Amino acid sequence: MADFTYTLLIPLIPFFTFLLLGLAGHKMKPIMAGLIGTSGLGASAILAYSAAISYFWTGHSAGTPYTSIKAFEIPWLHLTDKLTIHLGVLIDPISVMMLVVITTVSLMVHIYSIGYMKGDTGFSRFFSFLSLFSFSMLGLVLATNIFQMYIFWELVGVSSFLLIGYYYYEKPSAVAASKKAFIVTRFADLGFLIGILMLSFNTGTFDFQTLTDPHGPAIAQAGGAAFMGLSLLTWSLIFIFVGGAGKSAMFPFHIWLPDAMEGPTPVSALIHAATMVVAGVYLVARLFPVFALGAPDALYVVAWIGGFSSLFAAVIACTQTDIKRVLAFSTMSQIGYMMLALGVSGYGGEEGLGFMASNFHLFTHAMFKALLFLGAGAVIHAVHSNEIGDMGNLRKFLPVTHITFLIACLTIAGIPPFSGFFSKDEILVAAFHSNKLLFAIEYLVAGLTAFYMFRLYYGIFWGKNTHYHHTPHEAPKVMTIPLMILAFGSVFAGFLPFHDLVTSDGKGFESAIDWFVAIPSVLIGVVGIVIATILYKKESAMPDRIAGSLKYLHRWAHRKFYIDEVYLFVTRKIIFRYISVPIAWFDRHIVDGTMNGIAGMTVYAAYAVKGLQSGKLHQYAFVFVSGAVILVLIFVYLV
Amino acid sequence: MNFSDILTMRHELMLTLLALVILIIDLNLHNRNKHLIISITLGLFFIHTLVGFLPAENSTLFGGMYRTNPLLVMMKNILNVGVLIVLLQSVTWLKKEENREKISEYFILLFSTLIGMYFMISSGDFLMFYLGLELATIPIAALAAYTHHQTKSAEAGIKLLLISALSSGILLFGLSLIYGSTGSIYFDTITQLYKNTPMQVLAFIFFFTGMGFKISLVPFHLWTADVYEGAPINVTSYLSVISKGAAAFILIIVMFTVFNTIAPVYNNILYLISVLTMTIGNLFALRQKNMKRFLAFSSIAQAGFILLGIIGGNIMGMTSVIYFVLVYIFSNLGAFGVVSAISTVTGKDSMDDYDGLYATNPKLSLLMMLALFSLAGIPPVAGFFGKFFLFASAASAGYYWLVFIAVLNATISLYYYLLVVKAMFINKSEEPLAYFKSDLATRTGLVLSGLGIFILGFWSQIYELINSLSFGIIH
Amino acid sequence: MLNEVMFYLFALVILVFSVMTVITRRILRAAVYLLFVLVSTAGLYFMLSYNFLAAVQLTVYAGGIVVLVIFSILLTSHLSERAAMASMKESLLSALATVAGAALTLMTILRYGFTPNQGADPHYTITDVGTALVSYKRDGYALPFEVVSILLLAAMIGAIVVAKKERTLKK
Amino acid sequence: MIQNIPLSYFLTISTLMFFLGIYGFLTRRNLITMLMSVELILNSVNINFVAFNKYLYPQQLQGHFFILIIIAVAAAEAAVAIAIIINIYRNFKSIDVENVDEMKY
Amino acid sequence: MSILNLFIIIPILTVGAILLTRDLKHSRLVSAIGMGVQMILSFVLVYLYLTERAAGNTATMLFTYDALWFPTLNIHYALGVDGISVAMIALTGIVVFAGIFASWKMTHLPREFFISLIILASGVFGFFISIDLFTMFLFYELAVIPMYLLIGIWGSGPKEYSAMKLTLMLMAGSALLLVGLLGIYFFSSPDPHALTFNLMEISKVRIPIHMQRFLFPFTFVGFGILGALFPFHTWSPDGHASAPTAVSMLHAGVLMKLGGYGAFRVAIFLMPEAAHEQAWIFLILTAISVVYGAFSAIVQTDLKYINAYSSVSHCGLVLFAVLMMNQTAMNGAIVQMISHGLMTALFFALIGMIYGRTHTRLINEMGGLMKVIPFLGVVYVIAGLASLGLPGFSGFVAEMIIFIGAFQHVDVFHRVITIVAASSIVITAVYILRVVGILLMGPIKNDHFLHLDDAKWYERISTISLVLAITAIGLAPYWLTNMIDYSLAPIVEKLAAIQLTSLF
């Protein structure tokens, strides 16, 4: 077994670039900062690739299962006799895969950002935050235990917050969006925390290896209904999943994701498409044996939440006009796919197809979704707007962007031989074998996906001949090269032998394309594309008519089914107005009022007894004598 | 009776002599040189104070009417030190034109009350006790009425005298019943014969009433504020510090040596009176604007605290009361010293006049603050220790709720003490009292009390000394 | 028998004139009634054969204090003047307090079984009294006797201080 | 002699006199009459002392001498009181206690 | 002579030296040197402590110094530290040091200001190094009283009212406390002639249970008032709002910790049976504190009020954890004290600096400050993130230890209430982000703000020293928690030895 200790450097290099840029960035030339950040990430990426190669291939004897390796671990915080939080590096198929994904996308985004953010104030700050994010995300995937994961989970959240809001801090909408993102995910993280508390209480460990050991104590203790017919383990996993759902923008925690698009586009590409938002999927995958073996009920929840979210998001995506938002909902939809795949999967061998498919899709999705976002970024860069309405017919001006964007659209639509086809197909197969209703939903979603992506594609690159103030021009090389690299990835990633590499139990299995499922899915994708072509390739009034005929559905979908409003109602009205304001009032007037009241009473009493001191000698004498008599009465006769 | 007996009575004899010497000198001095009396008296009294510290032994004279022991001598010494400070603080005031002709009388009256207190402390029977009580009261009434041109002064005098007459009447009635039931006026006999019968409880209550007047316990306290306000400031400080301190000493002696057989009864009485005194004293102090009245009511509340030590009924209580009184003397004299310095120089004694005092007279303000903190029982000044030991002694007897009430009252008292601090340090004033420099004597007096406030707490030997002496008294 | 009659007479005089003293509105008369009370008390002392005491009572109290009081009354009030009294409410309250006090006290005192005298009742001559007064042994009263003199001196000086006119102020 | 008169008679007289004195002190508004009430009180105490001494403890003269001292003190007290009262009269032009309330509250 | 005496001597010397100075420049220099030495001393103490432990010294208290003070009452001037107090001392050293620099420009009566501040600090130091209840109480009151002057003279807004309220409420707390302490004293030994105030001695004795039942509420609430226990916390918002910067820092930063520390060191340690019996009442109160404080903070508009309520919430968590009475939770409580001390001091320092520039503390009147005062803005964000429990900062460590520790409790009540308390992390995020969003981000609302200067060097010293401490704990909590753990062990053993009788 190879020594993987050096993988520790993969997160640490970005951390040091973060410190360097954070502390000294404002004194550097911007380009310098960009180069430092990028080269740091480049180094990480190289390490990640070499780790991947040595883990999957060179250092691995074929035919044996992949095992998880603790490459490094130090105690960080001692809690109880049993529980100690460690920080370490865990190398196993999914973490290595994630390393590759994260470093790749992040490197691309870094490179791209040098062009995209050029001339922007706070350039170096941006790069330091990017480094911070990369560090956190890498730390998250390498976590050896659930608590380390939680730590980096939070850090990822805050980096996202910083990148959304702190960068564009003068833009109120960005600030609001960042706040929303943070608070909503934080709320979900509370679930995560409670889940961790319950899990660690029941199992006495944080460690993933112990937890996920199919013969280990955690799974062995699973049984027994504790509350509402579900076992404690199930409950804790459901709570943990709440955290995952928050980060991964699953319904009903998805509301922050569209708003997060206020952030710079590279950020959206990196965080809100390719890496951070899949953390929830990664979390479930990480604990998959526990889910699958210990708490199938929890997995069922995962499947349904995933399935519903994918449909829900796809419907909304069809109606959005902000290109980044369309992509955001698409992301949500795709992550729903992944969740669903996990949810329908079993443990071990062929049973674990869903698990494999989910990770596979995660991998391919990272490529093409990053590509889409970066492409969208190039478009926005060219036209200075996010609205489809402001675009059209850009294919002449932005040829490279156009081609790469088209590749990405085809990939996501699941058209063979692009990578999306392979991963999505596996998911559909897994769903087909598990739950037909979910399978049907996913079919529908596949069609919708193709439709809205091509609606977007046509809206940007075809459609009406928009008049532009400045002639849009293609992005600089530094931006287009990442596009091309990612396009390359999107095209060919599908051929990776995932079923050998990333499986639920480490053992590879045979998996072939199930044409019975694949052909209809490709067809439905094509149908979606065709409809989109008809409606949007040329400017026409048809879309509006259709929208009009679907009156309520369209309006509801356009308004994202009013989930935001519900949240607003809960936070503004109920929490703010009906909880916080009364509590603050109560505190000032009742609690504090009581304290002041006691003081006031004392002073009042002081004035009330004033008359006793009348200045009149005979009254003094009267009190004197009565006092004596009363004392006699009490102590001689009453006591 | 031989010479050594004279040494035993040195406090009383020397002070009597001192008073006579002053009288004689005064008769032979020309009117212009009357102020010389001040320095002579101060010098002599200083010597008297020093001599008081000579070692003393247990001894009984006059067939038990006079007794002395190191603890009693220590009490007298404590009073002496207090009086010395009072005298130092009165110098400026005595030198005023209007008081010129009455300087020696001031001293003689003051000293005769002090002699009365000595006798009370040393008394071994109720006759000497009563005599001492009257000797300690009647001349003070004259002192309270000392300033002629102020109606308030005369009013203070008559209020003090008449209430004192009433109270000593009631006290005497009690004494007569005590005599009737035990057949003796000697403490040593009474304590053996005193029992918990209704009549004797009644007698005790009548007796206690008189003591309550002296220490100004509620409801026998109403004279206090008026007399304190009306009397000349230095007399007030004497009344509130020395007179009350002596009364506390005597009360504790009497309670512990005479009435200890009915302790279960008097503890209940003390409990009630103590709660009343602290609370009422505080309530009245709360809204006072006149500094003298303010200090009067605060000293009433302090008297309530003193009872906490007595209620313990043990050596710890005794020690803590004496220690508390010692601390109280210094703290209260610190406060009175400042009020006196200000009122003598500027004639102002309202709390509003103190606004912004720190800006003009920082040292006075600081001393005042320390003194008030000491009265409130705030560390690190001595009052904290005094209060703590008092509360501890009450707690040692199991009176936790009483301690709680007392500490709450201490908190209330902190409120009004802080009001003065606020006036001096925080409030802004258009016309703060102008800067002035006190004369040497006043400053010495202030410094002495300041030192006492600071040192007494940390200097545990003092507490230990008192404790070792108290030990002898009870057992 | 005579003793008994004398006692009741004195008792009657004491009580009646005590009441008169506190309720009459004429101050001078009050002083005179007080004198009667004091004299009757002296009579009681005689009856109990404390002759020296009775003599002191007559000279100091009746002769000294009452005269002083009368002088001061003459100095401060007009003879025709009626003294102000407490209002009805105040009087009632005071009466309530005092009656209650008297009732409680009497009840307590009278219920108490005073130990009756077992020994002989020695007869004291004025010499015995004089000896005791200057004796410094147990049951000797030399010390109080001396201290009273200090008290009287102090009271004298006090009275002078209070009452004397101030030259300085008159200027 | 006194065999036929019980001690309690003396005690009753003195107690009544005592409370009459107190009543006078409470209801009188003239400083001098208040002083006179005090004398009544002291006198009642004296009767107590003398009765106890005679009836119960005739072996010693403790009560007897107590009374002597009380009388002396009463005289001293009266002297100072009258001096102050005269002073008050000078200041207030009245010795009515109702007026002597310059200081209050 | 123990090193601990220096913690008393240095402040006295500093005060003495300040008395000799004439003006602001000198007095602040003297104070900075004095408190700098004090801070270094506290680090030295940590170092010495760790070396002692490493050398195998297993005594509960190290560096003990014991001088008999009042022999009759067996009152000692007794000093000694264990890992817990060492940690608290280090906290105090840092906060006081930062506080001096935060008040660098104190122009009104500077000498008096620094003297009062140092007296306050020495009270706190004294409290932490004492192991004699009397000395402890003395220092406790000594620490409280300068607050009156500090707020009254140098405060702002309704300062007289706030100062009075704060002082009186805290003193009322010490009234309760005094009763408790005296009760403990008189039951500190079965032999009435061997009564003692020494914590260690008393801990070996079992105070009769009926007395514990009576005394525990007194002691606990007494300390709890200073620890902002609901419903006795109302001095906190007003007091903090009116206090000058350094005073808020010290008060929230270290003075309130006296409450938590005492509640645990005295109330629970000495009266474990009653603590077990009555814990549920106070757990409910503290859980209310935690959530209620956080909710109240949401709607406040004054920066200081927000932070004050946040302190109520955070300090509530301290008492909450203490009451859980297991090693982990108590450890968390202490880490939380230190963490909150640093964070809140940092917050108050920043608020003071911002107020000094904008002359307002109302968040609605501000906006976009990040652009004009980036340094302060960044530090504010850091403080905010630390406060809402972001990993990498101390707050996270503390909260996690508390929640995990508390959740280890066997009965359901404790676990449910832990979840209730844990929910505060979301509410905290809400109010912190609300402030950050309004205050630092968005457009600049007032042209006057465009000309603001960023932090001066002394302000940087003040804030950076705090930030460093916060991150140091956040990144490497192991040494701190280990140090505390070691000293907690005997305490927890004592608690565990008691028969558990729970209401639920």
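Order of writing sets the labels: A, B, C, D and E. Residues in every chain begin at 1.
Basically, a contact is a pair of C-beta atoms (placed from the backbone, for glycine too) under 8 Å apart; a residue touches a chain by one contact, two chains touch by 3 or more.
Please read these numbers as outputs of a predicted model, since none were measured by experiment.
Asks: Starting at chain A, what is the smallest number of hops through touching chains needed to reach chain E?
Replies: 1
Asks: So if I look at the partners of chain B and the partners of chain C, which chains show up in both lists?
Replies: Intersection of chain B and chain C contact lists gives A, D.
Asks: Using the touch rule from the top, work out which pair, B-E or A-D, shares more C-beta pairs.
Replies: Between B-E and A-D, the larger count of C-beta pairs in contact belongs to B-E.
Asks: From the centre of chain C, which other chain's Cα mean sits the farthest off?
Replies: It is A.
Asks: Could you name the chain whose CA centroid falls nearest to the centroid of all protein CA atoms?
Replies: That would be E.
Asks: Quick check for the class: compute each chain's Cα centroid; which one is farthest from the centroid of chain B?
Replies: Farthest from chain B by mean C-alpha position: A.
Asks: Distance between chain C and chain E based on Cα centroids, please, to the nearest Å.
Replies: 69
Asks: Mind checking the centre-to-centre distance between chain A and chain B? Centres are C-alpha means, answer in whole Å.
Replies: 77
Asks: Between chain B and chain D, what's the gap in Å when you average each chain's C-alpha atoms?
Replies: Going by mean C-alpha positions, chain B sits 27 Å from chain D.
Asks: I'd like the Å distance between the centres of chain D and chain E, where a centre is the mean of that chain's Cα atoms.
Replies: So the centre of chain D lies 64 Å away from the centre of chain E.
Asks: In chain A, which residues are in touch with two or more of the other chains?
Replies: 610, 613, 615, 617-618, 621-622, 625-626, 628, 632, 636-637, in rising order.
Asks: Could you list which residues of chain D touch at least two other chains?
Replies: 18, 21-22, 25-29, 34-35, 51-53, 56-57, 62, 65, 69, 73, 76-77, 80, 83-85, 87, 98, 100-104
Asks: Two or more other chains touching the same residue: where does that happen in chain C?
Replies: Residue numbers touching two or more other chains: 86, 90, 94, 97-98, 101, 104-105, 108-109, 114-115, 139, 141, 144, 148, 151, 154-155, 158-160, 162.
Asks: What are all the touching pairs of chains?
Replies: Pairs satisfying the touch definition: A-B, A-C, A-D, A-E, B-C, B-D, B-E, C-D.
Asks: Where on chain A does chain B make contact in their complex?
Replies: Chain A reaches chain B through residues 602-603, 605-607, 609-610, 612-613, 615, 617, 619-621, 623-628, 631-632, 634-637, 639.
Asks: Where on chain A is chain D touching in the complex?
Replies: 610, 613-618, 621-622, 625
Asks: Which residues of chain A touch chain E once you look at their complex with the stated criterion?
Replies: 75-80, 83, 85, 147, 150-152, 154-155, 158, 161, 165-166, 169-172, 175-176, 178-179, 182-183, 186-187, 189-190, 193-194, 197-198, 200-201, 575-576, 579-581, 583-584, 587, 591-592, 594-596, 599
Asks: Can you tell me which positions in chain B touch chain E when the two form their complex?
Replies: 316, 319, 373, 378-380, 384, 388-389, 391-392, 395-396, 400, 403-404, 407-408, 410-411, 414-415, 418, 421-422, 425-426, 460, 463-464, 467
Asks: Okay, in this complex, where on chain B does chain A touch?
Replies: 158-159, 162-163, 166-167, 170, 198, 201-202, 205-206, 208-209, 213, 218-220, 222-223, 225-226, 265, 268-269, 272, 280, 283-284, 286-287, 412
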